[in-house]
Amino acid sequence: MPPLEETLLAAALLLLAALSLFDRHLVRACSWFVTFALVVALAWARLGLVWLALLELVLGALLTGAFLFHALGMTPLVRRPRGFFARWHDPLPLTWRLALARLLPALVVLAMLGVALAALGEGVGSLRPAGFVLLGLGLWAFALHRHLLRRLLAFNVIGTGIFLLLMSLAEPAALPAAHGLVITGLVVALLGTALGALLVRRLEALEARHGARARTHGHPA
Amino acid sequence: MSLLLALAPLWPLLVMLNAGLRLALALSRSGPRRGRPRLELLDAVWLSAPLPALLLALWPGELALSMQSWMLGGVWQLDAMRRPWLLFAALLWLLAGGYARGYLADERRRARAGEGTARRRLTAFALLWPLTLAGNLLLILAEDIPSFYLGFVTMTLAAYGLVVHAGGREARLGGFSYLVLALVGEGLILMGLLWSAGSAEALTLSGLRTAIAEAEQGLWMATLLWLGFGVKAGVVGLHVWLPLAHPVAPTPASAVLSGVMVKAGVLGWLSTLPLGVVEAGLAPLGGWITGAGLAGAFVAAVLGVCQRHPKAVLAYSSVSQLGMLASLVGVGLSEPSLWPALLAPVTLFAGHHGMTKGALFFGVGVSEHPPRLPAWLIWPLLALPALSLSGALASGLIAKSFMKEVLYESAHAWLLTWLSLAAVGSTLLMARALWRQWRGRGEPCMAWYAPMPLAWLSAVLAAAAVPLWLPFGEAGIPWPAPGDLLGLVWPALVGLTLAGLLLWVAQAGSGRRPAAPRWPAGDLWWGYAAAAGWAAAGLARAQAALESRGQRLRARLVEVEHRVIDWLDGLAHAERGFIHFAVPLAVGVTALLLLGLWLG
Amino acid sequence: MIERLGLSPATAPLEHQAALWVVLGLPLLLGALGAVVRPARTWPVVVAGMLPLLALGWLFAEVAGGAGRSAVTEFGPLTLHWRINGLTLLLLLLSGVIALASAIYAPAYLREDVEASSRGQAWFWPLLGLLSSSLMLIWLAADLLLLYIGLELMGLTAVGLMLLPGKAEALVAGLRYLLLALVGSLAFLLGVALLLGAWGRLDLAGLAEAAEPGAPLWVAVALLSGGLLLKAAAFPLHAWLAPVHASAWIPVSALHAGLVIKASFFIALQLWLLLVPAAALAAWAMGGLAGAAVIWGGVMAWRSVKLKEMVAWSTVSQLGYLLLAFPLLVGTGSAVADLAWQGTWLQLAAHGLAKAAMFLAAGNLILATGESRVEGLAGASRRFPISLLSFGMAAISLVGLPPSMGFTAKWLLLHAALAGGHWPWVAVLAVGTLLSAAYVFRIFRYCFIEDAPEYEFRRVPLGMDAIALLLALAALLLGLAAAWPVTLLRGAGGEP
Amino acid sequence: MSQGWLPVFTLATSLLVAPLILLLPERAGRARAVVNLAAAVLKLLLVALLVLGFYQGRDYTFGFTVVEGVSFLLQVDALGLMFAGLSSLLWLATTVYAIGYLEDSPNRKRFFGFFSLCVASTVGIALAGNLFTFLLFYELLTLSTYPLVVHRGHDKALAAGKVYLRYTLTGGLVLLLGVVALHALVGDVAFGQRERLADLGPEAHPMLSVLFLVLLLGLGVKAALVPLHGWLPRAMVAPAPVSALLHAVAVVKAGAFGIVRLVYDVYGISLVHELGLLTLLSVVATVTILYGSVKALSQQELKPRLAYSTVSQVSYIVLGISLFGPFGTIAGLVHLMHQGLMKVTLFYCAGNYAEELGIHRIEDLDGAGRRMPLTSMAFTVGALGMIGLPPIAGFITKWYLGMGAVQAGMPWVIGVIATSSLLNAAYFLPILHRLWFRQGRGRWPEERRLGRYETSAWLLLPTAATALFSILVGLLAGVPFSPLDLATFMATKEYLP
């Protein structure tokens, strides 16, 4: 039975992730995400992975958050989102049927992963279930949303879930390798988010210039 | 002296080349637009075309020439069997050449005057005449099969140009019938030659004969060859081109056609059929040949009497005479032991018929444009070959008595009766021909020493004297015993009487339609033509049906193709699905692979 | 297979690791230099571009004669594994050549293409250097961490390069690409995590020995493959490819279609051969995907309206040929595998060269006619014979007609399929050939139209034509000279 | 080994000329002509050198390994030499012809470039020493002829090109499958190593039969065996020299040559006989011969009629092969050469009529013989040769076919030959009649007169030369080194047990 503190931390993580993924208000969702990243950093620190925590803090929380808000067109001065993110909601209506249908891929991946994890044996702590659920949540959100920013958020959440899983799976001997993987993953996540954010801004500028509101609406996929 | 042997068939070729070159030179000198060259094409060189062959035929001793590199290995030779054929062929060609010079005098004049059509015709004649001759000579001299076939084909095809010389519908019809049947014949010959030569890998005619005699299907090979050469030799049923082609061809061409070229068919039989070989087992075929020959002799006589054009009558007479000749060949097949004795009369008969028929054809032209000679001299001279042909006089009489002599003692004596009956028909035909000539006679218009009458006179004399100069065998001239004369002459007498009766009936009934029914020349041809037309129409219909079905099929295929392409274009929309469901698809692929890994 | 991949524990260590670092670092350095200098002329690029090839030559010399080399880099507690063998060298050389061709092509292209923005041009060179380096990294890497780093680096730089034109369509397509690439890397990471969790190591050689069949392995391999297939644009995960190419710059397209996709394929195939060498059924499933890719890609290429679209779709189709390597190599007898092994890498090289050449030639045609649609090519045969010739020679290799390298590769694959009695793959190869002929000759059909109206067209600099021509020639002539790459494949440590 | 380079040089003369021509500017017509002719003459000389060396017993083998188990192999044998000789001879003639024919027409650079490539492929096919090499050049031939077929660039040409590619590429693919399968079965087999297949034993016979059929199917497309002939009549839209080359030496003949190789050098005639496939082959050939002739009869234009005639004539080669025995073999081999000479003559003539008089339809040929006597004479020679009349080349073929038929115990083939000859006569003789015995309908366009003679000397010379050759190879068939001599040599020394 994991200690209470850890359970609490895991629960907070999940809650924050869910909020950042499913909050209908985009700015709020981004804020939830920054909080989420902070908690993740906390979790790393608690596990004694100080470097990782620091990186998570800088890359995951600060920079990613900055890029997310940049994508929204918000600066410390301008507090309201601009451009075509002015509409804060996902352009696709969220219906239950759709949500259920999109749940399926997430469930499939979770099932596969569950099978593998079951074969690998019990891990210690709540790191693994937390990562597992985060992964599921993120996947679901990713499948559910067409919205670019939300997908980026989902991507980050999935990534975090995988990091948690990874660290939980790694034996002490494999820790350096796991570290390496996670650090790379963090950098990739940041760069991905950054690219996405820059792209969004660029698209917005283009559309503003050409007056063409066509095609994109921020949900290219 | 084999050079002479090579020169004989090559000289006419050289003559032709010479004419062609001179023509080309003249053309290039004069240029295409400035007038036409005035050129004498039928000059002395041209006339000399058959001379080397004549010389060769008179050359004493046997000659042979073998050429390794000539086609599949050439062997040309002159032996006792070939000599008479070469001799009378060359002689007739020579005379016909001279005759042609006179016959075409009008065209030559017009050509010199620059008339295009005449020039065209004359050129064709001047070039094709030696070519035909070359083929004819080659086929006589050749011992290897390819050369023989080459000669035969060259003669056949080149003669087409002679037949259609006049132009116009009639000539085209004559030429067409000639060519179609000739090609059928070539096809049959080719089949027979290939089959029989292939069965023993023979390359020479003697090898071929042995091959047929020995081959299991020898009968079929021989039948093919008989029918193939039979086209030329006027076997009944295949004879239809003769009465169509002869009247339209220029008279000298008709003369060589009927006098020499049809004999090529007979020579073909003699060269390819294993005559005189006992073990050949071709007796049934011999019977057929005899039967067909006799049938031809009679049918042609009946049909020929109904013709109006003297040349058509003469053509039918050729069919009739060739039928008689064929019946003798048939006897040679069915009773091989008789053949050695029979060869000489057959040769004599062929030579006699060739020369006589040549003279008769010349006579047709002469009667139209008689020389300034008294009629009492001209008409008996015209009648002489006719009587000879009916076996009453001169060479005909001798040939007939010779036959009688050979056949009399044999099991085929019955044939003599039939031949005599056929001779009655021949006489009637001759009478008819003379009568038609008389009715179409013209005014005297040329000197007796002009080329035409001169050639005619020589031909009549030569024809009458064939047994004297033709080296047909070692036996010497079989003069008929005086006691047998009546037995030999009666068919002619009966024929003359019949002719007189008919004439009388016709005269009595003058004013009404002539009593004799009119048969179109070419008789069966019209039946063939109708059948062929019907078959062609059917084929065309079938092909059109096939074509339209093919077209429909193709159209449907094209339509299907279009539909498929449209469908494929429509598929591009499915691509949006791949875009939308990229992530679920990725998950699906992963799951699929996991499943595969799990199960395998 | 371990030996073929150069991962045998018996491999001798590399003497001078510096060669490795030079090969990896030089493109990066040159890229940075390019960002500063921004070459506008061709010859400096040619000169500078030779340097990485020289470095490669050094590496060749290091490896020469031996049966491959391995290297280990200690990085604190972290151990990184490298390997160099014939296959690696072949791929290194291929990527060196194609990258060089793209680089040489670029200055003239950027000058000619009026729409190329200058900001984009500044980014081009460093990204190009980064991409080359990451490709080299992937070929050389012998553990999953390095592979992950290389893969991510490559993926992100590729996205960056694709986005350079800065046009709306490019951005939209690029965004899609980015997202899918990120998804792919997540799947890859998850798979790696599982492997790490199960066996506690990431070096390929060790994993190959340690891995036992079982749920963790299977799930890990499935996830890894799923992610890699997504990045490799394998059917049905190919949807991002054609739009991304449609608006990308020509040299970038050439590089991307020629190499980037292949890197993912390379990693996937390597992992299968090491981890699940006997999974015939799954490999057959992969073969099914391959067949579908060949057909779908072929059909779409045939029906595509624009020239570049057609070339891009043909990539999807051709990747199907490569995917046939799975059923032919995994779980088959050694005779079949031997043939398929050669065939696969030859096909990879052939397609790399030919596709790059084709993109460059197509770019020349598009630049010259100013028309991106296929119809715009009417009468091109008379006006742009050289471009068309390059296009044609590349096409010959793509269709797999002799004497091209594509033909030799197809021959080997066919031989393998026939020798193993794998009739479906024979059919796939046959259908693929016909389809590729259909889409390629459709282009020519337009080019040979004589009575086309005379459009305005402009001359393309000779250099651009020459590069396309050289690449196409290489693809064409290496078909007969295939003995050389094959020797390389088996010689330097490739011998089973 | 140094001698091994001679076939490579032979190949290279035209292979390297192609890029050279493509590099020359379009306007440099004279330079192009010089290069072309020089290469053609050089190639002819090299082939002559090869022939000489071959008869002195030299071994000209050039080869290298492409990948393990697959090698590129050029080797010189009698059959290959004959085909190489034919193609280099006709290349020279056709080059001369094409220079005249395409004077002042656009895209000559492209035309001559691919033309050279096409000949290179043909020579490659001739000198190929194994199936891989053969296939290589076989496909290269497809590629290099496509631009020639669509040369005119109008809709009809492009459509024809499409059909052509559909047929030939599919055929090539089938051939590829067959060749690879054969490799999978026995590995790399050089031509002439017949025992390799024969040694497989009877249990491999079903597989071998299937493979034979697959290979035949692949080769049959180019050889225009019915029902795979559909591309041939449509490819007639190409310019006359192309049609001539396509029909006489290049494409169609490559298919027929491939079948010869397949039967004699890969399987060995004995094995094919043992497998019972010769009868099938002869039936296919018969159907093709008769079908082609009947179709030719219903064509009203000159070139399509000649095209269907090709369909028919090329199958004589196949028919000859299918007759087990020396004569059949000789017939098949010798017709490779003969058909080339005669058909090329006919196509030259058709081109001359089209170019000089603007005649495409047969009914317009009335009286053309007077306007163009030499061309018409050449045409006559070709046509009579096709019918199979002596002393022209075609007769030799027919003769040996007939002998072979009897020898193989299939006398019915003689009937086929005779029927085909009659059909040939039926569609050729009317043309000859029109040429020579009909009066022209009015004046010919005088202003089209291209040269001092009846037409340009460039056009006339090759026509006359090939016609002369057609006669000579028939008339002097018994001369050493004649096609017949070569074929006999091959049949008796190499191919028959």
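Per-chain residue numbering starts at 1, and chain names A, B, C and D are given in the order in which the chains are listed.
In the analysis below, a contact is a pair of C-beta atoms (placed from the backbone, for glycine too) under 8 Å apart; a residue touches a chain by one contact, two chains touch by 3 or more.
All figures in this text were calculated on a predicted structure; none of them were measured in a lab.
Distances between chain centres, each the mean of the C-alpha atoms, put A farthest from subunit B.
Innermost chain of the displayed assembly, by C-alpha centre distance to the whole-protein C-alpha centre, is D.
For this pair, subunit A with subunit D, the centres built from the Cα atoms lie 71 Å apart. Per-chain CA centroids place subunit C at a distance of 42 Å from subunit D. With centres taken as mean Cα positions, subunit C sits 78 Å from subunit B. Each chain gets a centre from the mean of its Cα atoms; for subunit A and subunit B, those two points are 104 Å apart.
Counting only residues that touch two or more partner chains, subunit A has 112, 142, 221.
Residue numbers of subunit C whose C-beta contacts span two or more other chains: 176, 180, 183, 215, 218-219, 222-223. Looking at subunit B, one finds that residues 579, 582-583, 587, 590-591, 594 touch two or more other chains.
Pairwise chain contacts in this structure: A-B, A-C, B-C, B-D, C-D.
Every residue of subunit C that touches subunit A in the complex is listed here, in rising order: 76-79, 145, 148-149, 152, 156, 159-160, 163, 166-168, 171-176, 178-183, 185-186, 189-190, 192-194, 196-198, 200-202, 214-216, 218-220, 222-223.
Subunit D makes touch with subunit C in their complex at residues 22, 64-70, 72, 106-107, 109-110, 132, 135-137, 139-140, 142-143, 146-147, 150-154, 157-158, 161-162, 165, 169-170, 172-173, 176-177, 180-181, 183-184.
The part of subunit C that touches subunit B in the complex is made up of residues 176, 180, 183-184, 187, 215, 217-219, 221-223, 225-227, 229-230, 234, 236-240, 276, 279-286, 289, 299-300, 302-303, 331.
Residue ranges on subunit C touching subunit D, taken from their complex, read 342, 346, 379, 381-382, 385, 389, 396, 401-403, 407-408, 410-412, 414-415, 418-419, 426, 430, 433-434, 437, 441, 444-445, 448-451, 479-483, 486.
Interface of subunit B with subunit A (complex): residues 579-580, 582-584, 587-588, 590-591, 594.
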